[in-house]
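Provided herewith is a single structure, encoded as structure tokens, for subsequent inquiry.
As written, the chain order gives the labels A, B, C, D, E and F, with residue 1 at the start of each chain.
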């Protein structure tokens, strides 16, 4: 009977796999993709396709060159690719997703060992890279071919003397929540579509509610209580910019977020506070990408020092006594 | 006044981070960042030395060099003061408290030849901070160094056994990692304007 | 190969201060935004390095052990100040570009390392070559990094525009992170080449 | 009734439907077949054979004497001639000295066995002695001598019958509860008589409503016994976790025994064996075993004689419908694989699972994606992904610092891992290596001390 | 000689020799350096208000933004206007600039001397395309976005506003104090 | 040039020199601390750049770590090979063994030679596989599992898995002993480098079982024992063991072993060479023909 298989426990496994998880994330991103195409036209679809194809290509290429096992079937590069495109304005040139994908996949992800081993979010890194490298292309928003300012950029001008809330001509709450006629990155404007994806991920148990909800709640509370230059519109600000996209899809990236519930709470609050600070006081109108990236840097420390209670572990005092 | 001091402090830690945007003290940042505990020890030692050095160099500059019209000698004067100070503190700690020496003193020789210390002293002089501001900006700069090196050490611990290409092992991947950190820290830019 | 040439070669290639010894990182990262700045910094450092190496080598018997480091530092700092004064007088634009990093040559680990590790143990001629080799090794890498960053980041070569406007300039490369990435990749390539050479041997 | 439970854990498909309704069938060894009685079938010192080659032994006759304090005697389960005493392969893969008996098919009973229907007259010592002389060991899998467990130093306020049977596929405890509930209750009464202050709780997972109903009805009028319904969740049956569930949150401290929190946990079959040993005077010779999985022709529950080979059993129940690709002694979460059926069953053999190639398929490992599912499901609150890394790296200090030794090898982490990492394997393996290192260090220290003298 | 005095004396000797050499060096370079400083300044001033001689107004009334003012006299000795140095707060931090204003309150030239804005965005304020447009402007300026005549740098309105506010400060200084000198 | 400026410069810096020099000289005397002479010796050959490149706090930290054996002699990246050599001298990593040793693997159960009991599915690690029932998939419970735990620990690249069994490259092995500890089966042992004869089997099973599992296992027949002229090989627990203090490396046992469980590399190499020559000759002939 040498065809008998011997293995260690357990002998049964759950059905979930890396591929199935990534597939779920892709499905959850579809409503936002559809809305992106609806708002920004076929160019949005083109950028998304270029981005996904080049992400997968660079992953394949790197693994080919280094003779590592090919991992493109786990679909994580597809997720990264979609998110890179989601984080660009529709006015971006066709080559920008390619450069971004190369940076995300090769520098941010594969050099550190590939899936699960990178320490910063690859898609966000691509965005930060593109933003710093080609700032004007990355901050030119247009809807139906007309350049517009994003609600957050408008709000940002509040700190200049003489600018009042009324003079800003902000879009309505319904507009920012649905994304109709709002300038922004391809995937970020329709909060409703992103929420649908969130619910799907929750139902499929791909992510827990903790990071997104606490993140958004922190931003909401800070902008309601403290506000900016006299304006306290937490309910409005949470729908602006990339908060939903970031909180639901990027802050939750397994690889770059903490492991334990307690750690996740600290991380989400940190993201929220930084987002608020950058939005209100920083150079950039939007702080989601950078706040997640900055908190990514702290994840190893959070994972190291914020661990759950071990079953049956003695309280510290007792342990000391015992020793 | 107090608010300004706080802002100087925070600006040093986050916005003008010495490591990630100013490039001062990179050698120990790359070298002593393999373990979080060591990195933290180094960070605390740097805070200690920089604070002392800021005070000492401020006094030397304003009480000796400026009155004598010898501003151009600041480099040599500062480095002498810093080196003597650090060496003395090291010897003192080594003798008086071996425990403190293990925790802090061992990092001291490393700090003499750390750009950050001289860098803060010189830039304080160039900006023209007063005594208190000089101290606070020193603490801020050192705090920024500590923040960066501790975060970096956490990251390096995590990637230590990763599947990194041979040519990138060691310093190259550390540099790339520092680059990614530096990109992330761009997010702080403009947060505080002095 | 004569001994001095070997010392020179080692300084440039096999013990390259930046790529192998990994010292003097601050100046490397900060001043390599363009070829001019990089090479300027490199040559300034070389001047200090050669000068201090020779002087320290001459003084090596005179300097007492307990105050070795202060003595070295005084010598080094003097050279730095001289370089700084000269730059201010005759090359003010370079002086402005390098700014803070000129006084910081004092604490560039490479200089003290050569003083302690080489000059205090060898004669002035060998120390001269050692300083020159290390200085040139430093300068070359700075120049190369400056060229890469300048070309990709500003689209220029020695301040002359070479990249047509349609070609995008990757600004990140002349910002702080770009310095880390460029050096990291350069170092990896160098390691790879050296490793290949070694296996070939 | 609200089902009790613990924190975290996993929900594998319980696959009990295959055998749940199959009542226990008695299987006897074939006449002329050889039965093997390894002298090490429990935790503790191995027994010493007290019969010789050529001796004739009868059913229930003691053939191995327990020499240590933590040990338990071994009894013949058939009558026949002792044909050999030699090392044989045991299911776990090692070798153990065994008495080999050739079954003469007569099933002649040993005369010395006497039951004691009125056990209330017995003193505490007598009860414990009878348990020992009945060869009762933990049937939940570990095989720890029960008489030792029932004499703790601490005061006991809970005696918990572990009837969770949380492992998928297994239904033997369930069948026992349906078919011999009175023995279980009576047995529990015996144990409770040792601990006057204790309450007896029978903890049953809520996927066995039938058993809950029958036992609830039976204990209605007994003041110090109750039935607790437990949530169907793995590893509900783990000692520490059933205590947590039943007592409303007591945690057995790391490295301590259940008695440290005033509890004793015993498996259903252990309690019934106590009843058999005391009331009926029958030592442990038979075992209820679930045979299940996709490969056997007739999955079901069987009462077998300890010492029969697995092959003998399979032959008698109709063999396989498909060539099995994997054979497991125990449940699919905790049981170990076997590569041959030519080994003997022991007192702790509770099941044989034979998997078809499809059932046996385990996807290949890929890199950890840090999804945190292993952390979220580990019932011990450990960080399996990290322990896995440390174990693979052989980082002993890190492994210990992150409480690697607290792992109960339940396999929840591996079960849940989407990257299909062999977390439990690496942790368990490292635990064993740590154990060996510790033993070696101890031995070295002892030697050094001796040398000093 | 003992263990303490030897090192002290030798270190002192080295210090003395070094200091001596440095002193000499400093004396030698003093004049070229001073000349360089003046030259740089003159060149900068010449760029914004050409063909004049300049004289710092030591007692000029300074404000938050105006850091120094020099009076310019042309070759024929007539008052040619003022060179106003300003520091304003821009996107990435302080931005130093110099504005030449003729006696009529018209800008004759404007340069950004130093800034810490983003390369490629704010940094384009140092390009002639941007600063050149200020020549000949007067009154109160504003960027096009705010309804003014200054064409802002694409995607760098903040920098453009900052420079414009500096220009305004200079113009205002001249209109308020110009007559006094 | 104003000479007074030079004078103030000289006076102030010179003054600092005296103060600090005296101060430090004094302090170094008062605060003198005993240091391990090895540490200070190592420190004296280190470059003294205090750059932290080694990961230790400064050169002193690195010297201490090297002296305590926590860091390798080449820990200093600045010093490079030259410094490493000097440090090595101080640390005295000298070869005490008069006779150089090498590791060898006592198993010859390659894929062709040995049977498998089952298929192992799990972590690729010998120590982990060995914990499964039956001690691993190899039919023989003593045999090499071929998952290369030894390969992983060898820092000198001396080990490799060939055809399912670990093999030592005697030229590369420096006898550090790491692999001896790593092998869960205890299959790796030292032997003198110049002795080429070795028993490549570890099975203590009885002959019958050995034959069932492996075509080249030691069956404990004792033929080698009888043939050895130097009383250097003995069968203990069904397994032949060579006593290298007596073995003269004649290779007779290897030639006589009916199961070829004993190997003598020299003889084998010669045979292989002959075979290769024959093959080459054969190959050359038709090649010549075709032309």
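As a working rule, a residue touches a chain if its C-beta (ideal position, glycine included) is under 8 Å from a C-beta of that chain, and two chains touch if they have at least 3 such contacts.
Quick caveat, the model's predicted, so the values are computed rather than measured.
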{"item": "Touching chain C and also chain F, the following chains", "value": "A, B, E"}
{"item": "Maximum centroid distance from chain B, chain identifier (CA atoms)", "value": "D"}
{"item": "Relative to chain F, chain with the most remote C-alpha centre", "value": "E"}
{"item": "Centroid spacing, where centroids are CA-atom means, of chain D and chain F in whole angstrom", "value": "44"}
{"item": "Between chain B and chain A, distance of the C-alpha-averaged centres to the nearest whole Å", "value": "33"}
{"item": "Between chain D and chain E, centroid-to-centroid distance (C-alpha), Å", "value": "86"}
{"item": "Residue list for chain A, restricted to those that touch at least two other chains", "value": "1, 3-8, 107, 113-114, 117, 129, 132, 135, 283"}
{"item": "Chain E: positions in contact with at least two other chains", "value": "3, 6-8, 10-11, 14-15, 18-19, 22, 26, 91-92, 118, 120"}
{"item": "Per-residue overlap in chain F, given as positions that touch at least 2 other chains", "value": "5, 8-9, 12-13, 16-17, 20-21, 23-25, 28, 49-51, 53, 117-118, 121-123, 128, 131-134"}
{"item": "Of all residues in chain C, those that touch chain F in their complex", "value": "14-15, 20-23, 64, 66-67, 70, 74, 109-110, 112-113, 116-117"}
{"item": "Footprint of chain E on chain C - complex, ascending", "value": "59, 62-64, 66-67, 70-71, 74-75, 77-78, 81-82, 85-86, 88-90, 92, 153-154, 169, 171, 174-175"}
{"item": "Residue ranges of chain B touching chain A (in the complex, touch as defined)", "value": "36, 150-151, 154-155, 157-159, 162-165, 168, 173, 176-177, 180-181, 183-192"}
{"item": "Chain D partner contacts - residues on chain F that touch it in the complex", "value": "117-118, 121-123, 125, 127-128, 131-135"}
{"item": "Residues on chain D engaged by chain A in the complex (per definition of touch)", "value": "7, 10, 12-13, 168, 240, 244, 251-254, 256, 323-328, 332-337, 339-340, 353, 355, 360, 362-363, 366-372, 375-376, 379-383, 385, 403, 406, 409, 411-412, 414-420, 422, 424-425, 428-429"}
